[in-house]
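Each chain gets a letter, A, B and C, in the order it is written, and its residues are counted from 1.
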Amino acid sequence: MMFVPAVLAAYQLMPSRWRWAVLLSASIAFYAALRMPLLLVAWAFVVLTSYWLGRRISDESSATRRKLYLWAGVAAQVAILGGIKYLRPIIRLIGPRFEIPSGGMDWFSTLGISYYTLQAVSYLVDVYLRTAEPERHFGRFALYLGFFPKLLQGPIERAGDLLPQLQSLASSNYTNVRSGVLLFCWGLFKKVAVANRLAPFVTAVYYDPHGYSGLSLISATYLYALQILADFSGYTDMALGVARMFNIRLTENFNSPYLASSIADFWRRWHISFSRWILDYIFKPLQIEWRNAGKVGVVGALMVTFLFSGLWHGVALTFITWGLLHGVYLASSFLLKPWKEAVYRKIGLANHPWRHAFQVIVTFQFVAFAWIFFRARSIADGWYIATHLFVGAATRISYATAVRGGVMGAILNGGSARDFAMLGAAMAIWFLGSTFGKTVRLQEQPIWFRWSTYYALILALIYLNAHDDVGFVYFQF
Amino acid sequence: MIKPDLKRVILQELKLDDWPIEAETLAAEIPGWDSLSHASIIFAVEKAFGVRFSNVEVLKLNNLGDLQRLLDSKLP
Amino acid sequence: MLTMMSDSSISSSRELPADAKRIVAKLVLFPVLLYGIVALANTVFVHLVDWRAHQNPNERLLWDPDLPKTGLVILGDSVFASSYVDSSNQTFPFLLQQWRGKKVFNGALEGADPPDFLNAAQLLTSSGMKGATVVLDIMPNRFLEFNQLENPSGNQARRFDRLLGHGAVSSLLAEIRRPLVVLDPDILMNCLIRKKFFGVDPYRDRVWNKDGDLAHRRFQVFQQQIAFGSLRSFAWVQELNSLLKRSDDKLVIFISPVNETLIDMYSSKEYAARCHVEFSRAHQSLVSYLDSQGIPYIDGSNQFEAEDFVDLVHVNVHGQRRIAELIDGYVTAGTPISASAHQ
């Protein structure tokens, strides 16, 4: 809790030339405090290889050599990423008898690795394409990869966005610290008051889906869609807020994703830094490579891209299914595009004022359906849920649920009405904050307005926060 | 300066009657030109002019002006 | 909010406002004003609403900011939490208070385990409890092994953490926050719905063999979970004793009774015999331990009738009265009451 103020103080006191060192040491201390030495080593490896190769790629004149360095760099990052993520399953395969002394450390945690390896790859490619200058200052480069607000769960920053900012680290000003703290608190609210409160209603069902009716499965799935958004966008806000205190702007990761009017639109609004990464570094190259194959080439590129997306999220069939499902969505949408207008005319929505709303609602259904597989504990569970959404009878309803009965029971699934009411309050605040946050320029309002809003947020945090051990959903990647 | 023959190929591929295309125009500003149709447009240009771009060259294109310059460099 | 806050662009070139004093003044005024508003709301709330009446008396330690500074204090688990009555004036702390004319604080918590007892003592001593007599109930079977592992942090760890804090800053915040009951959503909710805690099934006056199969079902669960064999460690008792001694508080153990008749009724002859032996063993070990540590105790074994019980270990209204008599007897006489006196 004292970490950020301490770093901020040190940052302010240091002359501008050494500020990067303050942030870098803070970031290393931050990562080290997680007590996962393997990750620190992996990070150092990523930093060293991409730093050195970045300079080589830029300085080298021979085209083949440059390409070689690029591929070496990419291979190194993929090896690290894959190796760390697969480490636990591999060790289990080799010998269940292998006891690794833990001493309180989680040796197999993958916190952060998935993010900065991708960032390193994007750096190397951008240097190769000469769309970015290589960073020659080792300290700044390490900071670029390890900046603590974004270290654990992104956003994945482009060289062109973050490196220039690290060149000139201005001293913190009051306005930025203030708005940074506000953004951080808002993110915290989304995480502890909304996402944490949604979690039990989801977990109850997803832990044992066979015991619940179709209505419960649907309810839990919708709630999960909200939970993962609140959780991840909450984390992102916290990261952006902290970065802002140091005058650093990280990229926006979310833009009202459930207001998307198509799956393609959804991916422009969800986990933006990640989807831009897979677009620029997997989809585009593949699509261009296969442009001779016309539509088949595009579909192929889509499927590979989203297969990667699934795998990146987790080495499990559920994540792969989720990824491929989105690939299928996009491919179908692409292939059916010529007939899209005709269909809309057929169902009478072609120029209807509600067409957009219709598209948004339908898109959300597809997205929510895909989340089933993302959340399910196994592919069997996922399949069960997907195929039983409209099957009525439950095999097991708790006494409390039977008493409350019907729809409410299916939503509560054993949870208390009181908790649900508090969840409702939290979500109302979330909704209000998201909607009005876009139009009301808080920094320009009179002080009594600002302070009332701050107080309201603090009280909301006090009243509505829910303790739990869920952690951040996206931490596991 | 975007030459009329390139403009024609692009409009044809996107099934547009007309659209202002200048050197600084970005792909995203032209209706229908998104990441999904990007490759097919490039391919159509290559076919129409009988050239072949390298993948890296295509990836480095930023706007229509870049495309015109790239095309010009490939034409005899 | 995201767009709004991000497009008020990061003004990296903007200087600090000329008046730095204003910023400092704001930074001080902000929390002070917030505290003032909340404190005011709290005062109004506390005066207007009989909020204590709607809170769970079996968790009083966790919500009542008025913690005892001295006198007679009860700590323990569900045995002492006094749930199986129809109204609060049937609980033994109330009776004791009435008989002795002095305040008695019931800090027992449902489902508490040794770590919770220690946390409770920590909370009380750090709130200024001195020279008090703390009576803690211990069921002898607490030292028998269970198949289900105890949570090493206790069952109320999170709530104690919130009350005690876990560092200098959070402890200070916890201190500041404690009297502000209006900030507790549970308290507000309970007042809003006028929650009742006594006389509500299953928490009401009942006798184990005359009121449904609650006792029988519970005993079956107990049988599944108990594992005869080694005994658990008694060390926490001495740890608790030392903790209390540091504030001049005296620890008295109340060895709570076991419904032997129930064991005989609900199990086979062999099992019942084994049970009696094991319970006896645990009881004896506990007594020896307490003697060796010089910790005074009230031995409640064999001091209760079968009709005093709700199940294997919990007592009803009748039993509450008995507990009150025993404790009253001890406090008056100043000497431990042991089982041997009644043998």
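Some notes on this structure:
Definition applied: a residue touches a chain if its C-beta (ideal position, glycine included) is under 8 Å from a C-beta of that chain, and two chains touch if they have at least 3 such contacts.
Keep in mind that this is a model prediction, so the values were computed, not measured.
Of all chains shown, the one whose average CA position lies nearest the global CA mean is A. Put simply, the chain farthest from chain B by mean CA position is C.
Spacing of chain A relative to chain B, judged by their CA centroids, is 34 angstrom. With centres taken as mean Cα positions, chain C sits 42 Å from chain A. Centre-to-centre separation between chain B and chain C, using Cα means, comes to 76 Å.
Multi-chain contact residues of chain B (touching two or more other chains) are absent.
Interface residues of chain C facing chain A in the complex, by the touch rule stated above, are 1-6, 8, 10-17, 23, 30, 33-34, 37, 158, 169-170, 183, 185, 189, 193.
The touching residues of chain A, counted against chain C in their complex, run 1-2, 168, 170, 173-176, 179, 182-183, 186, 233, 237, 240, 244, 247-249, 252, 254-255, 418, 422, 433-434, 436-444, 451, 454-455, 458, 462-464, 467. Across the complex, chain A is touched by residues 34-36, 38-40, 42-43, 55-56, 58-60 of chain B. Taken together, the chain A residues at the contact with chain B in this complex read 129-131, 264, 279, 283-285, 287-292, 294-295, 297-298, 301, 330, 334.
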